[in-house]
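Here's the structure, in structure tokens; my notes come after.
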């Protein structure tokens, strides 16, 4: 934790999908900070917009969705202001992604090794002059060497033999390792992991998380881990952001958020997690369903399911309160909090409309 | 729905059961028609197809000319809308002085009959054989499937031309030739569906309740695949009509004394330089019909079976 | 292994070819009417002895299964019998006409691919754009339009009205082209005959386009729908997240996968190509196999019809074999 300067800073980011029934605010003025080598966890139920945050960072929001306001500062450059060519140079080289379902994410018709090598080729990682296709043997060999090295590092056994095989010949865990190798081969400084363990067996999950942790420590690659599993995030991350219906509800260092959650939603998430050490426990599900993001209640989005709801919660937008040095919370349950003008929701709304 | 009192006679109960079925069927049909009307292309296609069918049915009432006898004094008259045309012949006349509009209307009869009958019988044969093959498998399936594979080795038009070459032209022969290969596609679709549906749970459930195999095929499985067959059949009608016209164009399909669009186009070729309308206008009639059938079929597919979208 | 898979496909297609031959044979023999009577029908009065001689010459006096066996063994040797009308071996007649037909078919295929690929790809990339709507409407017209009629319209517009292109035939009468392979484009290239080259290319445009247009319409639709599917896939997102430029994403990652279903359809369209061949050759008086078959049907020259239909069917089987092999190469999941 010697480097505390921010690598990625997201300010007031909103993403909107137009739909027949009206605009869908997939994410609604998000603020995030990721330090160099930091590990941020984005936690929430499916549909809360956590994956959209990752897609927004790499500017891969699928049409017709678009970023309506805010800025994404990566190494002090606003990614939203880059030309598409500049953005392409960032993608894969500086910011890489790994995905939920490795089986459908690797291209089924190309060799795994070649897919990894394509990243190197696209970003001209191997220095020196580059000859066109039939004469590029020397460069190809160097690139292949790098690919094999990356495959070895992520723990793919006998990478030499695996280089020229197709994705369907890999197991799910191996496919995810290959995808991690692909993401890391250009040594990016930020890795966006979108539920990387959800589609895998539990034993494989732990291996993949350990691998990511090792990479985080060895290469100082910052990681944003998107997961629906607060436990996974608690094990892996140093900072946790809990999202609900496209909004941040609680954010802070992992110990504060998991040991002493302030927001009722976070408390609910923790309560509905089974813990193996406790015998005869009761898992408590959060009552109700994930809200429809098209017509959210005017006040707190969680209010309809909240056990501690108050009349004020339903009236209007809830501001975010700073409750500690790095601790934020969007809840009126404990009104004694002092209101932070910078983070107030009303302020954000005004800024967006301008 | 109100419940039947327990004292009702068995026959009454049966009537009641069927009245419920009828109501459900009517409701589904109404829903389907509503969707069809809301689907713009299907609606347009459907209306044009219905107009063709009406014209074909009431051909003698619509036109007073004889489609086979012409007035040689009025030969090769251009359509009424261009210079030299006569009001009596709205689409002009052919080389024998026969009214083109009349012949086109009568030609619609042949095209529609060939298309609907050949597809209809193909569906019937293909479905029965496909159901038996797919449900029972075994030797019967092996024999029919090999035969179907062999027929698949022929391009459709080549096969039809070959068959017509040997059995000679004529409406029945033409329909027979088209069915001879046309059933194969429906056989393969039904057989495949049968094999996959057979393993589904609802079929297992029906078996457990002691239903016979035939009842399972007809009452349980068929309702699940009938929509895809219907969509496919509609698409094939257009293809069969083109096939018929192509064969008639070559002189191998409908004999010359019966007005058919394909042979009309062919007969106009010799006068292309002086009377372009003789061969082009019947083709336009043909294209509009096939286009409308296809539009209607695509609409049906969107409503009934969106899954088929990737096939054709 | 790929090689084994390919060998398997080749082996499977051999009995199919025999089956095709048997069906063609049966059709001919089970048709009412004695072949010799048909032959004699145009020859005038012939003695009973001569008829007997002819019967034994064509093996018609032997039982059906022997006839079938003789037909098959002859066919394997490349002997498809004698034309009733022209009194020459059917194989020779077919061989003479085949280059013209192949030249036309390849041109049509080329047209079909050149038209359908850009349209199919761009319509998927710019889904619901003006280009997409127009070309898909065009493709829909294309599949609803009979080839013979389209040919006539094109002749009327481009040959009769505008005089840009010739009405019919393969080459101008005055183009002096020395005999060679029978492929006029190739021959004129080899002999350096510029006038003949231009003339034969001009003659190819209309029939080639007419034959290819219907196929292009179907291919464009299939390619578009499979591209729409692959463009939505996870691996396309991965390719973008790697920093791939968009053309690379479309042409490499999406297209390569969309080719798999498209190639199957191309195989089926070869059947349309062969069948349409007869029609288009008739429309444009193209001196190829298709026109010969149509003429032979009217002359009741059954051996010629039988032999040609068999050549068509076997070409179709072989084309599908090639497509199958191509498919095996394109789809790595098949290989294991």
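Labels A, B and C are assigned to the chains in the order they are written; within every chain, residues are numbered from 1.
Keep in mind that, in the parts below, contacts are C-beta pairs under 8 Å (C-beta built on N, C-alpha and C of every residue); 3 or more make two chains touch, one makes a residue touch a chain.
Everything numeric here is computed off the predicted structure, so don't read it as measured data.
**Q** Need the graph distance between chain A and chain B over the touch network, please.
**A** The fewest touching-chain steps linking chain A to chain B number 2.
**Q** State the chain with the largest centre-to-centre distance from chain B, centres being mean CA positions.
**A** Comparing chain centres, A lies farthest from chain B.
**Q** Between chain pairs A-C and B-C, which one is joined by a greater number of C-beta pairs in contact?
**A** Most C-beta pairs in contact, of the two: B-C.
**Q** Cα centroid separation between chain A and chain B, in whole Å?
**A** 54
**Q** At what distance in angstrom does the C-alpha mean of chain C lie from that of chain A?
**A** Averaging C-alpha atoms per chain gives centres 54 Å apart.
**Q** With centres defined as the mean C-alpha position, give me the chain B-chain C separation in Å.
**A** 26
**Q** Going by the contact rule set out above, which residues of chain A touch chain C in the complex?
**A** 58, 60, 88-93, 96-97, 99, 101, 104-110, 118-119, 122-123, 166, 168-169, 179, 182
**Q** Inside the complex, what are the residues of chain C that reach chain A?
**A** Per the stated touch rule, the residues are 233-235, 237-245, 248, 253, 256-257, 260, 330-333, 336.
**Q** List the residues on chain B that touch chain C in their complex, please.
**A** Residues 146, 149-151, 153-158, 161-167, 238, 242, 245-246, 249-252, 262, 265-266, 269, 272-273, 276, 279-280, 283, 286-287, 290-291, 294-295, 309-310, 312.
**Q** What residues of chain C sit close enough to touch chain B in their complex?
**A** 16-17, 19-20, 23-24, 27-28, 31, 140-141, 143-149, 152-153, 155-156, 160, 218, 225-226, 229, 261, 270-272, 274-276, 278-279, 282-283, 293-294, 297-298, 302, 305, 309, 312-313, 316-317
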